[in-house]
Amino acid sequence: MSNSIGRLFVVTTWGESHGKCLGAVIDGCPANLHLTPEDIERELARDIPDIELGTKRHEPNKFEILSGWQKNRTLGTPICLIIHNTDYKSIDYKQFQNLIRPGHADYTYVEKYGHSNLIKGGGRASGRECIARLAAGAVAKKVLSCFDISIESKVVEMAGIPISSKEDYQKAKEKALLEAKDGESTGGIVELRVKNLSTGAGSPIFGKLDAVLASGLMSIGGVKGVEVGAGFSAAKMKGSVCNDEFYLDQGKIRCRTNNAGGLLSGISTGEDLVIALAVKPTPAIPRQQKTVNIKEMKETTIECIGRFDINFTPRVAPIAEAMAAIILVDELICSGYIHPSKISTLTKI
Amino acid sequence: MSNSIGRLFVVTTWGESHGKCLGAVIDGCPANLHLTPEDIERELARDIPDIELGTKRHEPNKFEILSGWQKNRTLGTPICLIIHNTDYKSIDYKQFQNLIRPGHADYTYVEKYGHSNLIKGGGRASGRECIARLAAGAVAKKVLSCFDISIESKVVEMAGIPISSKEDYQKAKEKALLEAKDGESTGGIVELRVKNLSTGAGSPIFGKLDAVLASGLMSIGGVKGVEVGAGFSAAKMKGSVCNDEFYLDQGKIRCRTNNAGGLLSGISTGEDLVIALAVKPTPAIPRQQKTVNIKEMKETTIECIGRFDINFTPRVAPIAEAMAAIILVDELICSGYIHPSKISTLTKI
Amino acid sequence: MSNSIGRLFVVTTWGESHGKCLGAVIDGCPANLHLTPEDIERELARDIPDIELGTKRHEPNKFEILSGWQKNRTLGTPICLIIHNTDYKSIDYKQFQNLIRPGHADYTYVEKYGHSNLIKGGGRASGRECIARLAAGAVAKKVLSCFDISIESKVVEMAGIPISSKEDYQKAKEKALLEAKDGESTGGIVELRVKNLSTGAGSPIFGKLDAVLASGLMSIGGVKGVEVGAGFSAAKMKGSVCNDEFYLDQGKIRCRTNNAGGLLSGISTGEDLVIALAVKPTPAIPRQQKTVNIKEMKETTIECIGRFDINFTPRVAPIAEAMAAIILVDELICSGYIHPSKISTLTKI
Amino acid sequence: MSNSIGRLFVVTTWGESHGKCLGAVIDGCPANLHLTPEDIERELARDIPDIELGTKRHEPNKFEILSGWQKNRTLGTPICLIIHNTDYKSIDYKQFQNLIRPGHADYTYVEKYGHSNLIKGGGRASGRECIARLAAGAVAKKVLSCFDISIESKVVEMAGIPISSKEDYQKAKEKALLEAKDGESTGGIVELRVKNLSTGAGSPIFGKLDAVLASGLMSIGGVKGVEVGAGFSAAKMKGSVCNDEFYLDQGKIRCRTNNAGGLLSGISTGEDLVIALAVKPTPAIPRQQKTVNIKEMKETTIECIGRFDINFTPRVAPIAEAMAAIILVDELICSGYIHPSKISTLTKI
């Protein structure tokens, strides 16, 4: 259970980090969507890690569309996407045998599933799992593009350095690399922006669009916080500042500011959706840390020597876009904006 | 749709702010739970607003248990709880006719549902809606109490003042009252703590416990951000600091720190769950703000004179507890810790 | 769990047979639907039992609309309907104490929920539970009426007598009354017909419309079989007879016969939906039957003296209509035929 | 949407009849289940059609387990099973271009999805789709076998001939072959029996086990009716005959007869579950039938020359078992009988 997301546009992911392949099944994609292999390739390519910041595990992310698709058009039937794992070295993980890595899922998974041996490489609780989200997100983005809805993301903080320019990013990267020399990893903040979403999308109460997005984004490994619009700084604002006043812009109701982040009571205002995510530092670090050998139930230490990102904030960005795309397509179908079975009869929102 | 939450323990709320009554239906509560009217009364009483900070709308929150319950025991059938609205003055809302209040759901609801008239008093998009969550949360808390799991909350920041003592709280309250004299509202931050949750609760990938909790908490009106454990400050930490090292405490695996907030890959570690919520300032303020008359489609101004909280952060706290309780009971049933139909056969976690 | 049905149009029922009241919450009903108390009253009145065939328990079925509705229009928020129980005599059930009635839910409920005492009068496992389905069905029918979709039902067999005229019905009723003199109950068959449903409603594979309808109809107490179109007689047909040939009727594709019952691969053909339900004889009969005293775990006998229908087939008919209406509205919203939030923007199918 | 079934044990199927492959993702299978390739192979082999009755399309049903499984043990993560299509000749379908086959999904799918061309070979609306159900069912059966629950099926009527012996089956088969010489197809009835299911499984009201099973079984292509226990014949019975009297058998409550088919109010009594399914004759027959060319919107005729079963009743039997197994595992997890995450902690029901 829980490897699926969505109500009418349902994405199910499967596959372990170090198995043969991972994949996603997308159920409820309207028929007749123009979809090319390049649409998916382009998104998967965004997961190729930064040569300096990223893991040394590099995969070409070769994929196949196994169903639901013919001659660059979707059929309305479930789309199964498969991504092959090619750069898998199980040997990396021998060193951790029976050791639970601090900050990792090793301990909680063994408690939940009772595996006698820890799954090598984290199994599903690995960043690699997200490749299937990227693939499904590519399809969702293609649906959104029919309505001129676009999703952008950027790293706005890394290794403690705020980023608003290329120079800032370079500075932050150098900081991250410097820490890495010391065997340290670092984190950061990603900002997500959805443009051109019409007014009225989202559901009330438990289905508020911010609630659903918060859930989807918090489900990305390493994300420890989500905020919408002004977020935590709203807690420090006065009402007259926080409220976004309304005005008329060529007959359309608009907001002068966007502290709400495009959502009032969980329903879209027509302004950009703006959401930020906090990403924690990579837990696997080549420094000695205290831990427990769960077989012998003895205290010991661990050093994670392997191919791990020294900062995976930049890799979270496209995955956050994918999650937002998946959730928005589902919401727009459920809200009656996107026709559930055929793209041809879609009316622009 | 979307007025329900949960998979096996499902809470559905209904009722408008200014209708006769509001209520909740709780489906999937195990039979034979000892539940008294006082259990519910106690939680509902927590919604009585602070005389100074709160709305002047005061309700005794008279309630009835209409089903699923007999002689202080649950039957295993759906429990319908009803809370009567008694202090309802619709006249308050005439002043806003056709005006969309900045920061409120007025605009988005009219776009979504196409009401020719705005619903008086916000309908479902009112803080009053949460009284039904409190009632359902009381039942969920009673279930949790059978396993010695408790949930606490506190306001850790209000009107920009950090709070770690009664004196701090008093200082913050004075700040809020001072702002209120100027027609301003203020916000704050609530911290939630779940104690004694066993290891292994939560589901992987899209069903991570932090994801599900984030969704439930973000669904509370006015909440703009959610963070787990170190949250946004994790983004600034080094790996060796952020990671919670493991040790053995009388044969039990424990963590020395709790930056993870009790969750690794969405599954509980056995440490306290720690979650923070950002609450925005009350949008309805007695200051002139720019808005639009949506009937005449003309720009105008609005002043919200009425019975509104000047800071509703303290009121969010018990609701956050209720949401966490509801989500946890569902998760513990789905995770196999709590028996889905009868409380007598429950094994302690 | 499981007291709800539907995906976007969700009906949840609650209440025990012999409690104060029963009710339904309808979530996802589009706003602006014209709905009068008479619309509901009319359907509830259909549950008043036949003076001769039915139980002697007669209730006026007084109801209230507690939410989601104002000035004869729905608001788009959940509609809570409550029906008061007035003719409740718990004394009837004392005779059965600790005895499990053959053909009744007494045994299975006690096994599932572990009640130390059997719930008086069957609790939720009573025909009375269906009054909430009727109320919710009335709302669903009103939605369907906006699209000229109508649902009809008739008893086509009772007490073993096939019925195709008023005379047949009279004959069958006499047969049932004759059996009743002997302390016997009887069953029958109900046929359901949905008219004017457009082509293309229904979902593939596990969501086939016949599958969803079969589930909803089989969930009615006492229903032991469901068939679509030719049903079990299709098993005896040759292919050329069973297949419904297509032809053109004023530019519209039609079928000459309707053995498919209006559904091919779970999706509507545009012909009438035709479904039949088998109803078993009332299990509570005033004849001595063997049973077990579950407290003493001793074999004994039971005679059910009380107010029970001698044949409840005619009472199943309107409930079957209600279930079909609820399921169809959900399906038509999910299929993109009915707008999920506002009735005004509905395009005729 | 709707290509998934289940709540905590969720099966999603994908793949077209004439694509490269079909598959199933099983989410929620407990970890540590002993599962061998042979377990799946055995079930898939049951789909090899009878040489005389079946289609001439013969496939070895080569499959792979892509995830969720290692060293003959499940991991608790989603199990993706893939079955390759090998015997695919798209040329078969050219003859039907733009013609909608009577009794087939051609017409309803084109209406729903708006495909400009009909999908070759029926796409998902083909009997071939069920191979993925068989594969998932094999896993479900393996789970059930840990609790000694078994599922059996048999053809009890074929081509109008009732079957209670091998001789009867031979007679029925000859009848079917005789009809086939005349270009006709025939149908039949399958009986399903679940043994050793404990008392108390199933959920009340809309989640009754018979309702859920009816839905799952009716979702199999060609099934037009489902009945539980006495089914439609219950409609003709007297109450005293239909009721199954209780007695004590070595301290266990049992029923002397089983007209209820093992279910009272949707919850299992501990007796065998007994369910029958009506299967219609194969719609694709090599006889001239009237139809419509949907491109030219002209009446015409069609003859289905191809590789079609002349009677697919025997092929429905194992699929019915698979569906029952899938539904039962889900129900037993949701009812608290099977632990949701690990097989080792399972207590016998």
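Letters are used for the chains, namely A, B, C and D, taken in the order the chains are written, and counting of residues starts over at 1 for each.
Here is the rule we go by: a contact is a pair of C-beta atoms (placed from the backbone, for glycine too) under 8 Å apart; a residue touches a chain by one contact, two chains touch by 3 or more.
Quick caveat: nothing in here was measured; it's all calculated off a predicted structure.
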Higher-contact pair (C-beta pairs counted), A-C versus A-D: A-D
From subunit B, the most remote chain by mean C-alpha position: D
Centre distance in Å when subunit A and subunit B are each reduced to the mean of their C-alpha atoms: 26
Distance from the mean Cα position of subunit C to that of subunit A, given in whole angstrom: 44
Distance between the centres, which are taken as Cα means, of subunit D and subunit A, whole angstrom: 37
Subunit D: positions in contact with at least two other chains: 1-4, 7-8, 13, 77, 112, 124, 200, 204, 334-335, 340-341
Subunit A-touching residues of subunit C, taken from the complex the two chains share: 7-8, 77, 200, 204, 334-336, 339-341
Footprint of subunit D on subunit C - complex, ascending: 1-5, 13, 100, 102-105, 107-109, 111-112, 124-125, 129, 157, 160, 179, 183-189, 199-200, 202-208, 210-212, 214-216, 218-219, 221, 224-232, 234-240, 242-248, 251, 253, 255-256, 259-261, 263-269, 278-283, 285, 287, 289-292, 294, 297-299, 313, 334-335
Contact set on subunit B toward subunit C in their complex: 1-4, 7-10, 12-16, 19-23, 25, 27-28, 31-32, 66-68, 70, 75-80, 82, 112-115, 119, 123-124, 340-342, 344-345
